[in-house]
Structure formats: structure tokens, C-alpha cells
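Look for chain A in each of the two complexes below; its partner is chain B in the first and chain C in the second.
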Partner chain A sequence: MQERLSFPESQSLALKYFTVSVVLFGIVVVAGLLAAIDYVHPQFLYPALPFSILKILHIDVLIIWILMAFMGALFWLLPAEYGRELVGLKLANIIFWIFCATVLVVAAIFVFVQVGPGTEKTLWLVNQGRKYVEEPRWAAIIVAIGVAVFVYNIVGTAIASKRVTGVVWVVILNLVPLFFLYLIAFPAPTNISVDQFWWWWLVHFWVEATWEVMIGSIVALVLMRLMGTSRRIVETWLYIEVALVLATGVLGIGHHYFWMGAPAYWLGIGGFFSALEPLPLLGMVVHAVYDAGEHHMKMTNEPAFYWMMAEAFGNFIGAGIFGFMITLPQINLFAHGTQWTASHGHFAMWGAYCGVISVIYLALQDHRRAALFAGATWKWGFALLNGGMIGMVGSLMMAGMAQAFYERAIGGSTFNAFVSASSSPWFIEGLGMRLVFAIVFTAGYVVLAYDLLTIGKRVLETSRAGGPARAPAE
Partner chain B sequence: MLPWQVLATSSLLGAFAFMGGGYAVLFVAAMLSERRPLTRIAYACYAAQCACLLTVLWISPLEVIWKIFLIGSCAAYAVIPPITWRYLRRLHGA
Partner chain C sequence: MFARDPLFWRAGAVSSLIVTLVVLAMLTTDTLRVITAGGQNVPTYTVINHQIGYEYVTDRNEYMPTIGGQEPLFGKIYSPAQAEALVRHGKLVIQSRACLDCHTMFGTGAYYAPDLTKAWLDPAWEHLWMPMTGTHTRADAIAAFLQHPEQYPTWTREMPNLHLTLDEAQAVVAYLKWVSAVNTNGFPYGFKTAAAGGT
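On to the complex of A and B.
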């Protein structure tokens, strides 16, 4: 493997990150599926694996999955930008294994220590109790050290190579908030409003700001590789996108503030800026269609190209349209915290970050020296995953609308209204349909994993034998 | 806000953004393929978006400030695809 890669040390590490990220994606999918079953059959797996633990696994592993995919993508793509191997790779390799071990140990703690007192000791050893960042403090310290080493790999190489391109500048500047925002995971204020305020900074600034910039930079690097788009075009567009996403995303986060005790004016500010968020995403869709048209939808790496397209459209629909439906304060009053927001959350997250699959395909094509990545298997994976996701978010929206209607608008958010809405056929059937589509999505994951393991391998055998490179016969 | 108005307003807002997206996609596709019927469908999407806006203005009890915001937003949706298209053409040197 080593001699086939242009930058063997960095890219070998990238492949490890990609492998683990795909495995973690599987854990996210399975935990999500089991949680979906729990909604329909509440006693399923209880008390061995209750819903609360499945949910923790579903959302915490999601964060690590995407973070590891980002790291893999940058370890793969950045050496070409610098024209050299990344610095500090020995340390990065050590951190990789520590990272993996930490994920395993924390998952085991969550599964085996499900309940207990909330003390300073459990904060350090068992669970910090904040959604998305429940990992105990010792694990959070390891994550922080891991991200710090990653920052060193990227920034240190820039200093060593004395070559910093526009995309690399964006990546480096973005690493600053990426690292420092994570430090918010450590304090434990006793005032729940203060705690929630900063927690939202951590979760939403990561997801709606730093991660958006990170995936934007990765997409820029991929576009240069995948479509041969010129650096000038990619960098110009990246600057525009970053400026627009940050301009709307940072204040758009305010739509959460009112609900955790911040002043009421945040309803207006947050609603206004998050309602603006579809506009830059619309520009991205226009750009994606333009690029697709320029290349007549033909690529040497079809899955990478289509996953990139899925990202542009998914981001607009999931974050843009689904978000716009519930972001204005008068609607948000009824929709906040129902399955409706879960619908938006699922689609927005998937739409924004499914592009990491594109990078994995791109890396595999290089790694397996395949002239063409095509065939039918990836299309099945693509269709099942995206079809499953669309079905799930549609079903969740139906269930959430029933909650907003019966529980909030008619029932006035009382406990009785909650119970009544939970027994509404719209709600029950919505969650049932979500389970069906969750199975479809899981099937898509299985096909995707199989495809990632096998795609291009027959091409490699053909080209090794001296024959022409061609698509595998599937 | 009456219960039915919550769902109606939200659905209309979703349709509003969806039609805006449809207009953008079809507009660029029409420009790339130079097909007039696609351009007409794109403008039809924008007309549908305006219809969604008018319905929201009519049936929804959203506060005036949000209605003004939606009118401005609808105007922005009209110009984003052509402006982005021209910019992309210039950027690509076409």
C-alpha cells in the first residue's frame, strides 16, 4: 500500500481514519435503528439497552464519526496542497489509536453504567450529562488533546512548507474556533440557563459554523481533484460561501436562545438570521447544478460526484427548507422540541455532511489506482441511504406536526395534551413509517460499506495485469 | 395563531422555499441546456413561490415584520439565480 500513495504516511493515516469513520457511521445507524424500534415498541431491549443509552450512542458517535471523517479527509487532501507529508505523523498515529480506544471505552461505560448519582466523580469518570458531549471529562480531555495534535499537524506543516494556499488559510483559521469551542465542554455551571447557553455555542457553532466551513474547504479541495476546477474559481467561491454561511449561521443560532432562558429579543434575531440561511445554500445549489451541467454528469468517479451533489441539495432541503418551515418565532413556539425538529435535525445533518462519503470514494480511487469508479452497487447504496433519509424525515415531520397541532396548538402543552398527542394516529403511524425507512437506510449503509470495501478492486486487478482500466462488471 | 394556521403557515413557508429552490435549479439547467421550455417551468416555479407568499400574507397571522421579511426574501429569491449564473459564467471565463 505504501508505495502506491503519493504521500504514503499521511494518506495511510487518512485511510485508517476513513475506516474507523465508516465503522462509527455503522454504530450511529444501528443505534438509531434500535431507538426507532423503541419508539414503536417501548419495551424493546429494556432494561438492557434503554432508549436513553441508544440515543446517547446515536448522537455522540455521530459527532465522532464526522470529526474522524474530516480528519481523514484533510490528512488525505492537504499533503498535495503543501507538496509534502504532514508533520507530526508519529504523534498523529498514536493519537489515532488512543482516540479509538477512548471511543470504545466510553461506549462501554455508557452501555454498562446506565444510571447512578450525578457527582463530581461521575462527571469525571462516567457521564457529563450534556447532550452530544456526554463523554466523561477524562475522555473530553483526550478529544481536546487529539484536536490539538491535529491542529499541530495542519499548522506545523504550513509553517514547515512555507506554502499556504487560500483553502489552507480557511482550514487553519477555522481550526481556532474548532479547538476553542470544544473547551466549553469542560465547565459545569450550576445555573441551567447558563449551562445551556454555552452548550448551544459548543454544539451549534461546531455544526452550523466551524463544521460548515470545514466541509466547505474539503468540498473545495475535492472539486479541484474531481472536476479539475481551477483554484481561482474554487477559492473565490469558498470565500463567498464561508462569508455567507457565517453571516447567517452565527446569529441564526439565536433561534435556540429564548428557549433556554435568554432574553426574548433573540426570538427575532435568531428567527431573522436563520430564515436567511437558505439564501447562501441556494447559491450553492446553483453552483452544483452549474458544475454538473459543465461536466454533463460524467465523471471518472461517479459516486464521489453524486455524493457531492447530494450534499448541495441535501443541505438546501434539510437545513434550508425544513429549517425555514419552523424557524419563524410564531411557528417555532409550537414546533420546538417536537419530532418536527428531529426531522429538520436529521435532514440538515445528513445534507450538510454526507459529502464526507464523497471524499472517501475519492481517496479509494487513488488508493486502488482505478481509472473509473462506476457500477451499480454504489447507486443502490446512494438510493437506499438518501431514499431512507427522505422517508424518515417525512415520517418524523408527520409525527411532529401531529404533536404541534394536538399537543401544543390545541392542548396548550399540558401533560394530558402530550399523552393525547402521543396516541394520535398521525403520531403513531409517523413513527411506524420512520421505522420502515430506518430499515431502508440501514440497508443502504450495508450496501455502502460493501461497495467501499470492493469498488475498484477488479479494476486494480485488470490494470495490474496490464489490461485497460475499466469499470468493474457488476 | 389558530391550530390550523400553524400547520398551514409552516407548510406554505416550506413550499415557498422549495419553489425558490426549484426555480434556481431549473433556471440554471435551462441556461446550461438553452431550452426555452425549462426556462418557462423555472419562472412557473417562481410564480408558485409568489403564490405561496401571497397566501401566507393573506391567511397567516404572522407579525407584520415577518411578512415584510418574506416579501424581501421573495425578491432575493428572484435575483439570486440570475446573479449567481452571471457570476459563475464570468468566473469560469465563459
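On to the complex of A and C.
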């Protein structure tokens, strides 16, 4: 099969990254499901596997999932931009296996060792205990090396090919801060205000800046491939998006600085700029709707197209609207750190980055030489995953609003207020409904995984294109 | 040439990045000055030798921490170096036990367990755990609870025993006391200490 790929070396590595990323997505789903059960039955798996460990697995693996999917996407899409294979692929292959082994070992440490004594040694070997970057420092070093090698693959090829398109420039200039920001994963300052100040640079500038630019670049490359949109239009859109993401997002970091000891001027600056953060995301929606109309919703790769639509709408509604809802300090004072935040977090992360699924479908169509990717299976996966996510987000928001009201606004955030808000019917029913929709989401994952394994290999009964549903494989 | 697509927009992206980065750099410099221990909003570590409160300040229209007279912690007054070492140890314990993967601090962390920003001042220590643990000070009650949380359950979500030693538990208490004195722009709103009639 592989010799048929246009750039077999880069693209077979991309397929490896995609495979592992889909497996990691499964771990994210299972850990999330177990953590959701904890809210309904707190004694479930307790104390062998406490909530904290499930939550670490749920989120840390999520980060690695998205990172590996990004790497896969660029390994797949960039050779065509450069007109050649990427450089340093032997090293990239070695790093890939080291990366996989590291994820396995760290997951085993989290499950079986979990925590350690209060010493620097624990931070190096077991658990750093900093949200999203709990992986011990030895593993963080490997992640940093992995990202550095990836930067070398991308930048080195640009130098070797002497052909750098606008999209590639954006990718390269974006990878540099992405790498350096990760170095914030290492220190452990005593002062929690200083700790959180820099930690937000890593979290905010990854998720709300460099990752947004990354997925924007990937979407740009996909649009050219999937719909034949012209380079001039795609690049113009990408620059507008980058300009708006940076103009709003850089100072938008202020919405994380409201309550952690920083000066009060962040209330105004953070509130104002983060309220504008939905703007670039709205641009993606406009573009997606335009493209959908232009092509009458008919594509040779239906799942890739629909996941790209889900990305555009999900990013705008989940990150944009749901973020806006709680970003003004007047509301954030009560909503911050409740299930309302969890509601926004789930919707934003899913909406912003479910587009990687689109790239995987696109790659598989090339790989399997299928003339048409269609059928009912992907639709079930699409509906269950997105329906499950919207259901979870709605349930969490209901619980979170009750918490903001009873615990924060009325109760004054004491221990007793936390317990009584968490015992309110709105909260209990909200978390119960979240579990139901988590099961729906899990079912969606199973269907998606099955579809990714088999689409293009199954013979379809009907074909919208009128021609053979699947080109002969051999 | 910059009036043409897409160069016009590229120039826009670059210039908006430069402008916002310059502003961010200026604000970062000022913020770091304010949040350093001993800065305007964050107390020095020797604050653990003092009484701490949380009161509504009418002319600022927000809740603010108050720092009162001397109040030894575990019967001891700490020198600046000792206080910093103790609070440092507390931070390492908090990280090594992944506390913020169930709890939050300044509202950041996980949402499974209560926020710890004002945990030192929580009225529940007086009302619930001092009687349960048979201790006579808040600090001792917290330290006793942290070492054996499974012996003092009060709710369906229980805290697991994370095997804290007495030293580690006391270091965490010092950390929580120091954190409660950070000025957080009025977060959490409406929090009442036991002295202020909170329950």
C-alpha cells in the first residue's frame, strides 16, 4: 500500500502518529468516563484509583493525543507543500517509538505509583502535580526533545527545499513559541502566584494561541486539498485569523489573572480582550458555511468535510460563546472554578481540535485509494460523539450554574457551601445526565474507531457520485 | 505592495502581534513586581506568624485579607529563612500529592473537592474537625485531618490517605495559611470566617 503514497516515508510516519493518536483518544474517553462515574458514585474504584489519577490521565493523555495528531497531520500534509519528503525522518521514527514508550511508562506510574513524598525527587520521577503537566520531569524532557526534533523536521525541510509557502511560514513561526513555552512545564516556584502566572503562559498560549494557529494552518491545508480552494483565498483567511487570534488572545491571557494575586487592571484588560476572542472563530464559521454552499454539501470525502464543519462551529460555540459566557470578571467571580468552567473546557477543547479527525479521514482516503468516503457508519460516529459532547456540556453547565449560585454567590465558597451546592438537585441531576451523555460519547468513539479501521475497505451499496463506491484496491 | 491580498493581512498579523507583545511585556514586568512574596498583593512568608482574616472593605467594595498581630503557628515563631523553607516544603508536598487534581487554589485545579484559597480560614475546622480530631487549635486540626483523612469523613466524596508525615502536614498548613493572606481581588466573594459568623 505504502508505495502508492505520494511521499511514502513522511506519510507512513504520519499514519503511525494517527494510529497512536486514535488509541490515546480512547484512553482519554475511558479515563473521563470513569471520572464521571466518581461524581455519581464516589466510592467507585476508590481508593485504588482516586479521582485525581483519573483526571490526570484524562487530561494529560488528551494533550498528547492532540499533539500527536498535529504531528501526524503535518507529516501528512507538508511534503506536498515542500514538494519533497521531510528531512530527519529516521530520527523522527526513533522519537516516535520513544514517545510511545514514554506515554506507556508514565501512564503505568500514574496508575500504580500515583504520588510520592514531598521532595524534588518525586517531581523528577513520579508526579509534578501541576495541572495539565503532571508528567514527571524525566518524561517532560522527552516530550521537549520530541517537539524539538519535530521542529527540526519542519524547519530543516524548509531550508533544504528552499520553498516556503505562506502557510508553511505560519507553521514554522508558530512552532518556535510552542516549543519554548513547554519549558515552563519544569520549574516549581514556591510562590503560587508566580507559579500560576507563568503556568498560564504555557496553558493559554498553547491552547488559545499556538494550537489555534496550528489547527488554523492545518485547516488551511485541508481546505486546499479537500475543496480545491485557491491558495490566495486560504492564505488571506489564515492571516486574518492569525491577526485576530493574536490581537485578542495575547492580552486575553488576562482573564486567567483575575483571582491569583495579580493587579486589578487585569480585570479590565483580560475581560475586554477575551470578550473579543470569539471574533476569529466566527471567521471560520463564515468560511465553512460559504464553502458548504459552494460545494452543495457534496464531497468525495463526507466525514472529512463534516468534521471540518464540526470544527468550525464547535470552535466558535464551545471556545467562543461558552468562553464569553464566563469570561467577564463580574460573572467569572462566581463561575470560576466550578463545573461551569468544566462545561466550557470540554466544549472548547472538543470544538477547537476535533478537526484533527477530519485530517485522519482525508489521509485514510489517500492511503486506501478510495474514490468515495461515505456510508452510514461515520454518520453514527459523528452524531454520537457530537451529541454526547453537547449533552455533557449542557449537563455540566446546569450543575455549574447551580454551583456558581449556591456555593459562590450565596454560600461564600466555604467547605459547607461547596458540599451543600454539590448536594442540590440541579447539581446531582446535572452530573447524572453528564454520565449518561458520557456513555453516548463513548459509544461514538467505538463507532469512530471502527469506521476509521474499515472505511474505504467496505463495499458501499450506493454511491452518491454515481460511479463505483470504491476504487479497486489492487 | 502591502495593499494587496494576502500581504495586507500578513502585515496586519505581524503588527498586531508586535503591539500586543509589547503591551504584554510591560504588564508582565509590573505584575511580577506585585506578585513577588513581599510585593503589593502577596505577603512575605513570615505572615504565617500572624493572625489572618478576610473582611469586606467598604470603600474598595471588595473582600480583602487582613494581617493582624502575632499568632504562633504550632507554638512557634519562624524566622524569615525558616518560614520560607517551611512554605517551600508545603508547596512540594502539595505538588507531589497532586492536591490540585481534586482541589483548586485561586479557583484553578480540579473541581472535585473544595477550593483551598481560604482553606486556612474555613469555619468548618472549628465547627467540624476540631471536635472530631480532639485538637485545640485550627492548625493542629488541619494537620491531624491531613495525616488521616479517612478517619474523619464528613461527606460522600472522601479524601484518600496520601500518607503525609507530621512534618509534611504541618508544612501544608503553613502553605495554606500563607496563601490565605494573598490579595485575590475579592475572590472568593462573601467568604465568612468563623470569627465573622461563618458556618
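Going forward, the second predicted complex is superposed on the first by the 457 of 474 C-alpha atoms of A that agree within 3 Å, B and C clash if a C-alpha of one lies under 4 Å from a C-alpha of the other, contacts with A are read in each partner's own complex, and residues count from 1 in each chain.
The working rule: a residue touches a chain if its C-beta (ideal position, glycine included) is under 8 Å from a C-beta of that chain, and two chains touch if they have at least 3 such contacts.
This structure is a prediction, so every number in the text was calculated from the model and none was measured.
Novice: Clash or fit: chain B and chain C on chain A?
Specialist: Partners fit side by side after overlay.
Novice: Of the partners chain B and chain C, which touch A:A383 in the superposed model: first, second, both, neither?
Specialist: Touch status of A:A383: no partner.
Novice: In the overlay, answer first, second, both or neither for which of chain B and chain C A:H287 touches.
Specialist: first
Novice: For the overlaid complexes, name the partner, chain B or chain C, with more touching residues on chain A.
Specialist: The partner that reaches more residues of chain A in the superposed model: C.
Novice: One more residue to check, A:F415. First (chain B), second (chain C), both or neither?
Specialist: It touches chain C, and chain B stays clear.
Novice: Identify the partner contact of A:T236: answer first if only chain B is touched, second if only chain C is, both if each is, neither if none is.
Specialist: In the superposed model, A:T236 contacts both chain B and chain C.
Novice: Looking at the overlay, what does A:F334 touch: chain B (first), chain C (second), both, or neither?
Specialist: Touch partners of A:F334: chain B and chain C.
Novice: Determine, under the contact definition given at the top, whether A:M260 touches first (chain B), second (chain C), both, or neither.
Specialist: It touches chain C, and chain B stays clear.
Novice: Per the contact definition in the header, classify A:I439: touching chain B only (first), chain C only (second), both, or neither.
Specialist: neither
Novice: Touch check for A:A404: first (chain B), second (chain C), both, or neither?
Specialist: Once the two structures are laid over each other on A, A:A404 reaches chain B alone.
Novice: Quick test of understanding: once the structures are aligned on A, what is the angle at the Cα centre of chain A formed with chain B and chain C, as a multiple of 10 degrees?
Specialist: Seen from the centre of chain A, the opening angle is 90 degrees.
Novice: In the superposed arrangement, does A:L123 touch chain B (first), chain C (second), both or neither?
Specialist: Second partner only.
Novice: In the superposed model, how near does chain B get to chain C, counting Cα atoms only, in Å?
Specialist: For chain B and chain C in the superposition, the minimum C-alpha gap reads 8 Å.
Novice: Indicate the residue numbers of chain A shared between its chain B interface and its chain C interface, in ascending order.
Specialist: 232, 236, 334, 408-410
Novice: Going by the contact rule set out above, which residues of chain A touch chain B in the complex?
Specialist: 232-233, 236-237, 268, 271-272, 275-276, 278-279, 282-283, 285-287, 289-290, 293-294, 316-317, 320-322, 324-326, 328-331, 334-335, 401, 404-405, 408-410
Novice: Within the complex, which stretch of chain A touches chain C?
Specialist: Residues in contact with chain C: 38-39, 42-43, 46-47, 50-53, 55-56, 114-120, 122-123, 126-131, 134, 166, 188-197, 232, 235-236, 238-240, 242-244, 246-247, 250-251, 253, 256-267, 269, 333-334, 336-339, 341-342, 408-416, 418-419, 422.
Novice: Going by the contact rule set out above, which residues of chain C touch chain A in the complex?
Specialist: So the residues of chain C touching chain A come out as 5-6, 9-10, 12-13, 16-17, 19-21, 23-24, 27, 30-32, 34-37, 40-42, 45, 84, 87-102, 104-115, 117-119, 122-124, 128, 150, 154-158, 160-162, 164-165, 168, 171, 179, 182-192, 198-199.
Novice: Enumerate the contact residues on chain B facing chain A in the complex.
Specialist: 1-3, 6-7, 9-11, 13-14, 16-18, 20-21, 24-25, 27-29, 32-33, 61-63, 65-66, 69, 73, 76-77, 80-81, 84-85, 88, 91-92
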